[in-house]
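What follows is a set of structures to go through.
Look at the two complexes coming up: subunit A is in both, with subunit B in one and subunit C in the other.
Presenting the complex of A and B:
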C-alpha cells in the first residue's frame, strides 16, 4: 500500500507541475462549482416560488365569493410541482416537462411552464446542471489527465527503471489508478457539499448515498477505462485518440441512438392525434352540462326508481348535479385511460432508453441519478396522477354540493330568474373542498430500489474494465 | 552470496517476435566486473532485462544468486541496482527528487546528506541538483542515474551503457568508481560497445554477436585484458 501511495503522490506531483493539467482541473472545478451554485440557487428559488404560488392559488380559490358551484368547477385551480432537494444537482426532467398544471372540470390539462422554454438564466449556465457537467465533462478531464499515465512511462523509458525498483506492474497501475480516482473525487466535492445542503432540506441519507454513489461509480468506470487503455497502448497519441473516440461514442452518440431507437420502437401519439382520439371517444358520451341529453335517460330512470318519484323535480337531490357528477366520473375514467396509456408508452420508451445503459455508462448514470433524486419520469408521472386526484376530488366535491345544496327548480331557471340565480349561489365555505397540495416525490425506499438496476449496470461496466486493468497489468511490457 | 552472483544458463529470449538471445551461457562471480561487449542489436540490454526478470525466457534461465530471476522477480530485484541505457528519470523532478522517489519505491530511505554525497561522488555540480532534470544534459542525467544505482547499495549492479554521454574526464572517474565498488565486494555486469572502457574496468569480457555469446576474455592475474585482442574479435578479425 505504501508503494501505491508513493506512485499516486508522484503522479500528483507531475500534474501539479503541468500547467495544462492544472488548468484543465481548475476549469472543471470552477465549472462544477459554478453550475452547482447556480443550479442550487435557481432550484431553491423555484421551490420557494412554486410553494408560494401554490398557497396563493389555494388562497385565491378559497376566497372566491358565494356563487354557483359549477362556476367554481370552471374557475379552476393551479397545482405546482416543487422540486425535491436533490434537484439542486440533477433537475432531471423538470426543465422539459413543465412544473404546473391548471386543474378544471371536464379536462386534464398538460403540465406547462417548462423552464427550457422560458428560461434566460445566467447565460444558460444554470441549465448546465452539475449532473450534466459531471457526466459530460468529468470524463474528458480524466482523459486529459490520465491518458498518458502509463504510456508516458513507456515512451519516456521510465517504465523499466520503475519495475527494476521492485515495483510490480499491478502496484504501479494501482498507484496511477488511485491518483486518477482522487482527481475524480475532487471533481465530486462540489456535489458532496450540495448534497449536504439537500440533506439539510429533508433528503434522506440513503437516497443521497445512492445518488452520490452512482456518480462515484461512473467516474471510477472512466478511471478504469483510462488506466486500461493507457496500459495497453504503446503511444500517448494512440491512447488519447482511443479514449476520445470512446468518449464521443459512449457520452454523445449512444444516448442519441438510444433516444431514436426508443422513439421508433415505442412511438408516442402526437398531441393533436392524441387529443382527437380522446375527443372521438368523449363524443359518444353525454354532455354533463345538459341534463336532457339522451345519454342520461337511464340514469334518470334509475334515480326515479330509487327515490320512488315520478319526475326529476321531485327528487331529493338536484338532478343536474347528479348528471354533472356522473358525467365527470365517466369522462375522467376515459381521460385516465388515455393518460395511463400515454404514460405507459413513455415508460416503455424510457425503459428502452435505459436498457442502453448496458452500452453507455452515461445513460446508466442518468437513470440512477434522476431516479434516486426523484426527478425522473416516474416522479413526473406521480405528479400528474397526484394532480389528477386533486382535480377529480374538488370537481366531484363541487358536483356533490351542486346535487345536495341546490334546488333543481332554481337551477333550471337561474338564467331567466334573478332570484333563482341568487338562490343557486352556495356559500364560499364550500370551496374548502379543495385540499392543500404539496407535491412529494416517490418515497426514498422506492427511489433507492429503482436506482439499483442502473447501479448494477455501472457495476458491470466497472467489473469489466477492472478485469481489463488486471489483464493489462499482467501483460505490461517495456 | 554464492559463488556466482549472476548466471545465464542456455538462455534464449525473444523480443518483438525475434530471438534476441540464443543459447547464451555465462557466469559472473561475486565481486567481479563482467562486461558484455557487442554492437547494436547484439542482445546486450536483453541480457540485463532478463536478469531483472522483465523478460520471459524462451528457453534456459537467468539466475540471480542461484534463483531464477523470472520466477523470483521481487527477490532478484532487491539484490540489483539497475542503470538503464538512456538514464531515463523523470524530467519534471530534480536530481534529488528523482533519487529520493526511486529509492522510496525500492523501500529505501536515504537522507539528504547521503544523496548529496552520492551526487558529489559522480561529480554533479551542486547548483544543478535542485533543478528539474528537463534542463539536464545527457551526461548529467547519466550521473544522476549512476548516483541512484550507488545509493541502492545493492550487491549487484547492472549497468547498461553507463558511460554513454559522459565526457572523457567523467568516464575516467566512472571507471575508478567501478573499480572501487568491485573491490568493496559489489558484482558488476555492464554492457557496452566501448571496447577500451570495458578493458579498463572489467576482469572478464563476454562478446555478444547477433544474440550469441561468441567469446569470453579473461584478464591475466597481473594486468588488464588485451584491448587489441578484444577489439579484433569485436571487429571480426584476427589480432595483429
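Presenting the complex of A and C:
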C-alpha cells in the first residue's frame, strides 16, 4: 500500500513539473467551476422566475370576475415546469423543450418557449453545463495527463529498474491509477459542492449519490482506458494518438450517430401531423358546444329517463353543462390516447438512443445523470401528464358548475338576451378552487431505479477495462 | 508537373502508414454517413410536408363544408404554414431541430399560436446530429491535427528526420509537400460524399462551390496551425496535446464564453409574458363595453370606423376585433422578443470571427437557410399570411356580406418562403 502511494506521489511530482499538465488541469478546473457557477445561477434564476409566473397565473385565474363558466374554460390557465435542484448541474432537456403550457378546454396544447430557440448560435459545442464539461472534456484532461503514465517509464528506461526493485506491475499500475483517479476526483469537486446546494434545496441523498456516482464511475472508466492503452502502447506518441481517436469516437461521434439512428429507425411524426389523425377521430364525435348535436341524443334520452322528465327544460341540471362535461371526457380520452402514443414513440426513440450507451460511456453517463436528476425525457413526459391532469380537473370542475349552477333557460338565450346573459354569470368564488401547481420530477426512488441500467453499462465498461488493465500488467514483465 | 508527381510520390509513401490511411478512411466514412443521414432526414421532412399539405387541405375543406357563417368558417379552418428545406439543408440541419418550421394557424389571435414549438424528440435534439456541418466544423480540425502534428516529430523519433532532410535536396520542399498532400487528400475524402449528396439533392452549383471553398479554407487554417506547431522541436505527443487544447479553446470554450456573454448582455422578454398579455386582453374583452374594444380596433383599421357599432351580445366582427386587439397589445413585447433574438444572432455572427469552427458552422447554416435568420424570416411569412387572412375576412364581417360557401375558395393560400433563390 505504501508503495502504491509512493508511485502516485511520484506521478504527481512529474505532473507538477510539467507546465503543460498543470496548464491543462488548471484550465479544466476553471472551466468546471465557471460552468458550475454560471449554470447554477441561471437555473436558480429560471426556477424563481417560473415559480413566480406560476403563482401569477394562479393569482390572475382566481381573481377573474363573475362569468359564464365556459368562458373560464377558454380563458384557460398556464403551468410552468420548474427545474429540479440537480438541474443546476445537468439541465438536461430543459433548454430544448418548451417550459410552459397553456391549458384550455378541448385542446392539449404543445409546450411553448424553448430557451434554445432564443440562444445565440455559436457552433455545435457551445452549450456547456457542468455535466457537459465533465462528460466531454474531463476525459481529454485525463488523456493529456495520463497518456504517458506507463509508456513514459518504458521509453525512459525506468520501467526495468522499478520492476527489478521488486515493485510488482500491479502495484505500479495501482499507483498510477490512483494518481489519475485523484485528478478525476479534483475535477469532480465543483460538482460535489453544487450537489450539496442541491441537497439543501430538497434533493434526496439517494438521487444525489447516484448522480455523483455516475460521474465518478464514468471518469474511472476513462482512467482505466488510459492506463490500459498506455501500458499496451510501445510509444508515448501512439498511446496519445490512440486515446484521442477513441475520445473522438466515443464522445463526439457515437452519441450523434445514435441520435441519427434512433430518429430514422423509429421515426416520429410531429405534433401537427399527428393532430390530423386526432382531428379525424374527433370529427366523428359530438361538438360539446352544441347540445343539439345528434351525437348527444343518447345522452339526452338517458338523462330524461333518469330524472323522469319529458324535456331537457325540465331537467334539474343544465343540459348544456352535462353535454360539455361528457364531450370533454370523451374528447380527452381520445387526446390522451394519441398523446400517450406520441410519448411512447419518443420513449422508443430514446431507449434506442440509450442502448448505444453500451458502445459509448458518454451516452450511458448522460442517461444516468439526466435520469437521476429528473431532467430527462421521462421527467418532461411527467410534466406533460401532470399538466394534462390539471387541465382536465379545472375544465371538468367548470363544466360541473355549468351543469349545476346555471339555468338551462337562461343559458340558451344568452347570445340574444342581455338579461339572461347577466344571469349566466356565476360567482367568481368558483374560480378559487383552482389548485396550486408546482412541478416535481418523478420520485427519487423511480429516478434512482431508472439510473441503474445506465450505471450497469458504465459498470460493464469499467469491468471490461479493468480486465484489460490486469491483462496489460502481465505484459509488463521485463 | 514535377510538383504533382512529387505530391503523388509523398502521398503514396504516406498512405503506406496505417494510421494515416485509417484516419483518411474514417474521414471518408463519417462524411458519407453525415451526408446520407442528412439526405434521409430532409427526405423525411419533405415527405411530411407533402402529407401535411394534403391532410391540411382535406381538414379545412371538411371544416368549411360545415360552416354556416363567415365567422364560424374562419374559426374552424386552420391553415398549414411551413418552411421547406433548401437544396443545401441536408448538409447543415441547423436550427430545424430546435426552431419550429411548421405551424397550423387559424384566424384567432396569432400570438397565442405562433410560439408553439412542434419540435422533435428533445433528447435526440440534445444529443445533436452528425450533419456535414458538424463534420466540417468540429471534426475536420481534429483530423488535420492528427494527420499533421507529428510529420516531423514522427520522423525524428524514428531517426529518419536528418536523413530525409539530407536526401530531399532543398529542406524547405519536403514538409510542405507532405502536408499539402495530406490536406488535399483529406479535403477530397470530406468533400467527395458532399458532392455526391449535392448532385442527388440538385444543389445549386454556386452553393456547392461556396461550401467546397469554405471547407478548403477551414482545412488550410488548421493545417497552417498544425504545421506551425509541428515545426517546433518538441515531442509529437506534446505538440498534439497543445493542438488539441487549442482546438478545444476555439471550438468549445470561446464559443461557450461568447454565448453566455451575449445572452447576458442582450436580454429578451420572457416568452410567457407575451402570451399572458395577449390572453388577458382577449378575455377581458368579454367583460368590457364593446365600444372599448372597437375603438382600439378602429385605431388600427380606420376604414371600418362606420361599421364598428355592435348591438348584440355576440357578433363575429366584435369577436375577431378583440382577437386583433389582443395581438396589438402584445405587439411591443413580441417585437422586442424577435428583435432580441435577431440582435443576439447579429452579435453571435460578429463573435464568430474569433473562432473559425463557429464561423464555418454559421456560414454553412446561412447558406443552407437553416439558421436563426431563416427561422425568423419564416415566422414573418406566417405573420404576413395571417394578416392577409384578416384582410380577406374583415370586409365579409363588417360589410355583412351574405355567407357564400363558394367564396371560401378565394381564401388566401399560404406561399412558403422560397429559400433557393
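We take it that the second predicted complex is superposed on the first by the 467 of 478 C-alpha atoms of A that agree within 3 Å, B and C clash if a C-alpha of one lies under 4 Å from a C-alpha of the other, contacts with A are read in each partner's own complex, and residues count from 1 in each chain.
Convention: a contact is a pair of C-beta atoms (placed from the backbone, for glycine too) under 8 Å apart; a residue touches a chain by one contact, two chains touch by 3 or more.
From a predicted model like this one, the values you see are computed outputs, not experimental measurements.
So if we stack both complexes on subunit A, do subunit B and subunit C clash, or do they fit?
Pair status: fit.
Looking at the overlay, what does A:3 touch: subunit B (first), subunit C (second), both, or neither?
It touches subunit B, and subunit C stays clear.
Of the two partners subunit B and subunit C, indicate the one touching more residues belonging to subunit A.
Higher number of touched subunit A residues: C.
I want to verify one number. Taking the Cα centroids, what angle sits at subunit A between subunit B and subunit C, in steps of 10 degrees?
For this superposition the angle at subunit A equals 90 degrees.
What is the contact status of A:276 with respect to subunit B (first) and subunit C (second): first, second, both, or neither?
The second partner, subunit C, only.
Once the structures are superposed on A, label A:330 by its partner contacts, choosing first (subunit B), second (subunit C), both or neither.
neither
Just subunit B (first), just subunit C (second), both, or neither: which does A:140 touch?
Touch status of A:140: second partner only.
Mind working out whether A:156 is in touch with subunit B, subunit C, both or neither, as first, second, both or neither?
The first partner, subunit B, only.
For A:168, select first, second, both or neither according to whether it touches subunit B, subunit C, the two together, or no partner.
first
Can you report the least C-alpha distance between subunit B and subunit C in the superposed arrangement, rounded to whole Å?
14
So in the complex, which bits of subunit A are touching subunit C?
20, 23-24, 27, 31, 35, 38, 49, 53, 56-57, 60, 64-65, 67, 71, 74-76, 78, 80, 92-93, 96-98, 100, 102, 109-114, 116-128, 136-137, 140, 144, 147-148, 235-241, 244-245, 248, 252-253, 255-260, 262-264, 267-273, 275-276, 279-280, 283, 346, 349-350, 353, 363, 366, 370, 376-377, 380, 414-418, 421
Quick one: in the complex, what on subunit A touches subunit B?
3, 6-7, 10, 13-14, 17-18, 156-158, 160-168, 478
Taking the touch rule as given, give the residues of subunit B at its contact with subunit A in the complex, in rising order.
Touch residues, subunit B against subunit A: 49, 52, 54, 73-74, 77-78, 80, 82, 84, 86, 88-93, 97, 101-102, 104-107, 132, 145.
Give every residue of subunit C touching subunit A within the complex, in rising order.
Contact set of subunit C toward subunit A: 19, 23, 26, 30, 33, 37, 40-41, 44, 48, 51-52, 55-56, 59, 62, 80, 95, 98-99, 102-104, 112, 115-130, 133-134, 137-139, 142, 146, 150, 153-154, 157, 235-238, 240-242, 244-245, 248, 251-253, 255-256, 258-260, 262-263, 268, 270-272, 275-276, 279-280, 283, 286-287, 312-314, 337, 340-341, 344-345, 347-348, 351-352, 355, 357-358, 361-362, 365, 371-372, 375.
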